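One chain, chain A, appears in both complexes that follow, with chain B as partner in the first and chain C in the second.
So, the complex of A and B:
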């Protein structure tokens, strides 16, 4: 798995379009909303959390399409299988790669967006924490769709259609956790439910993605 | 020698294998055996099912009926880690250099550090020293074939399964394949090769299976 992760990171450094696309979309989307609302700080403060979460979900959905398709279509996945690599290690390496190259940059960008929206520090911390807690759920759900459609060309739209409905509970629990954080702290029901959802999604979606990859290779 | 490995297969056997693509049956009742130390060339026109036979042998396709097995001393065994494949696809990450590609696959194959060959030696053996720092997307078709062979060589597999290995190869490249096959067979390895054309010479280790379209 280390070799796979190392290869994926090298490739992403040489072709940063994938992670830069997500980050650029995230920053542009949120900047345009601020401009559209004419910098009304009261409104921006109220809508910041849901809008940032929507931006996170949409920008991550942009990155899932290319996760497996190239490797399936150019025969690398066949060679992995023959080399005895398990589907689980392939999927786990992609999971770690998405976390490092998409979630971490977005988490680092949230404080900057917070400054633009003039959010209180506690609010910025809550949104960043919610992203880190909910990240395993978002990535795992995206991986299943990407693996299921890895044999298809231009499956980006289908991946969005398949994944988006499952993201709704993640967003609901994340927003509940963010609202409760200033009073109840990190162990509020919203964040606990979000963490549970992340664990559950990880436990179900990683083996499911591995199975989907195997089916697509047959 | 591959036979010295107690887990390595000594034969690949197809027994009464039937396979279809959609409605069209490619072959029915196909039987053959590939023993250790043998090369079997599957020869036939385009679309006749050569690649399908290779993929069936690799377990990437399932037969409709019949049995495909790897055996050691007459007993069926799991042999995936002893099988190497050169497909008609590149199967390389285009943004990695030739050297990085070989280093990556050596890590994937988890070769024994005591027996592993230096990457520079392999590059030289396969005529790729000049392309070591070149990204794989910029290689010619023949150079990509050489790289695919080098990858299989790193994996140290007992059974080589090759789809048109000489396609796009110059004369030096074709001679390289012949010498690799000779050395492989001498070590007790075997090879299943799909090609439009047969081998240059048939020896006691080399056989042909000619596929013809049903009348």
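So, the complex of A and C:
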């Protein structure tokens, strides 16, 4: 499992295209929105949280297309199977890898966006916290779509289509939590529900991804 | 019963009897229900004539969830036993469910305009039904995009089972979010209940919709069986070569 993770991380560090692309997309998307709104700080402040969340979701989902397909195509998945690795450990290692290489850079980029949007400190903290709490849900839901479509050659668009319906409650509770954070603090109902969704999607999606990978190997 | 019908041959035999039965039931009940709801049922005190939208809206909402539950069961069966008929059934349920979810959203929107003054409101129930619509759509896209139909069946089954999470959310969204949408009047224990004048048209419409669902899904599954069979049958006659020709 640690060896798997190490290998995944190594591949990603040597070929940083994927997550750099996501990070660039994230910052570019948010800049474009600010430019399209002609730099109206009042409006930007109001829509910052939902827009940042959408940017996170889309930039993550765009990278998920290549999450399994490369490994399936060059036969590494087959080797994993022959080596007797369980699907669960493959999926879990991908999960941790996505968290380290996608969520962490995006979370670090949020203060930068906060400067661009002139957000107050507490707002930046709320958005970053919501991202960290909701991250397992986003990754798990994306992971299962990626695993379902890992046998497909061009699945990028469909991954987004499969994942977004399930992302709706995540986004709803994340934003409710962000709005409540300045007054009620961390243990507000929105964040609690978000944490619940994270645990639930983790519990459902990790075994489901493993099953989906197995199907695509048959 | 289910294991009896799991044989395609027997299912076709069953379909030959059941299809006309449900078709007749659907048409008969639909005529009766529409006559009841349009001409017999009186206009409501609060909703006025618009109350008649209920007779097409509520059954559609019920069917959108029934179809998903059926889709879930079929997917479970397909995932465990890898049975072709369950896949055909699941796909049929999804197609019908998609249409009735759209119908539910459309009629609800029209009713919303007369009742609340807006076509659309982003509250719990409407949002979750919209999510259901997208899940149906994504499910059907999976079948289209994944070319290998055997694999598509397995993948779609997993997706459908994950999507089941949404159904309780829809069912209880009204109680949880206390929204604009009124809560279930018929099924809640202790609810005021509907006037008996509305009972007859509503229940006959619900039955009619259920018959339509049964009719269309049987039809679809039978068609899929026939199609698979015709694909298996040899396309051209085998070449008839004798030794003397060579």
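The rule we apply is simple: the second predicted complex is superposed on the first by the 218 of 218 C-alpha atoms of A that agree within 3 Å, B and C clash if a C-alpha of one lies under 4 Å from a C-alpha of the other, contacts with A are read in each partner's own complex, and residues count from 1 in each chain.
The working rule: a contact is a pair of C-beta atoms (placed from the backbone, for glycine too) under 8 Å apart; a residue touches a chain by one contact, two chains touch by 3 or more.
These numbers come from a predicted model, not from an experiment.
Contact with chain B, but none with chain C, is seen for A:3 once the two complexes are overlaid on the shared chain. By the touch criterion defined above, A:152 reaches chain C but does not reach chain B. In the superposed model, A:164 lies in contact with chain C only, and not with chain B.
In the superposition on chain A, A:15 contacts chain B only, with no contact to chain C.
Once the two complexes are laid over each other on the shared chain, residue contacts for A:80 go to chain B alone; chain C is not touched.
When the two complexes are superposed on chain A, the residues of chain A that touch both chain B and chain C are 218.
Considering their complex, residues 2-4, 6-7, 10-11, 14-15, 74-76, 78-85, 217-218 of chain A touch chain B. Within the complex formed with chain C, the residues of chain A that make contact are 144, 148-149, 151-152, 155, 158, 161-162, 164-166, 168-169, 172, 200, 204-205, 208, 211-212, 215-216, 218. Against chain A, the residues of chain C that register as touching in their complex are 127, 131, 134-135, 137-138, 141-142, 145-146, 148, 151, 154-155, 158-159, 161-163, 165-166, 169. Listed in rising order, the residues of chain B touching chain A in the complex are 58, 60-62, 80-81, 83-85, 87, 89-93, 95-96, 100, 104-105, 107-109, 151, 155.
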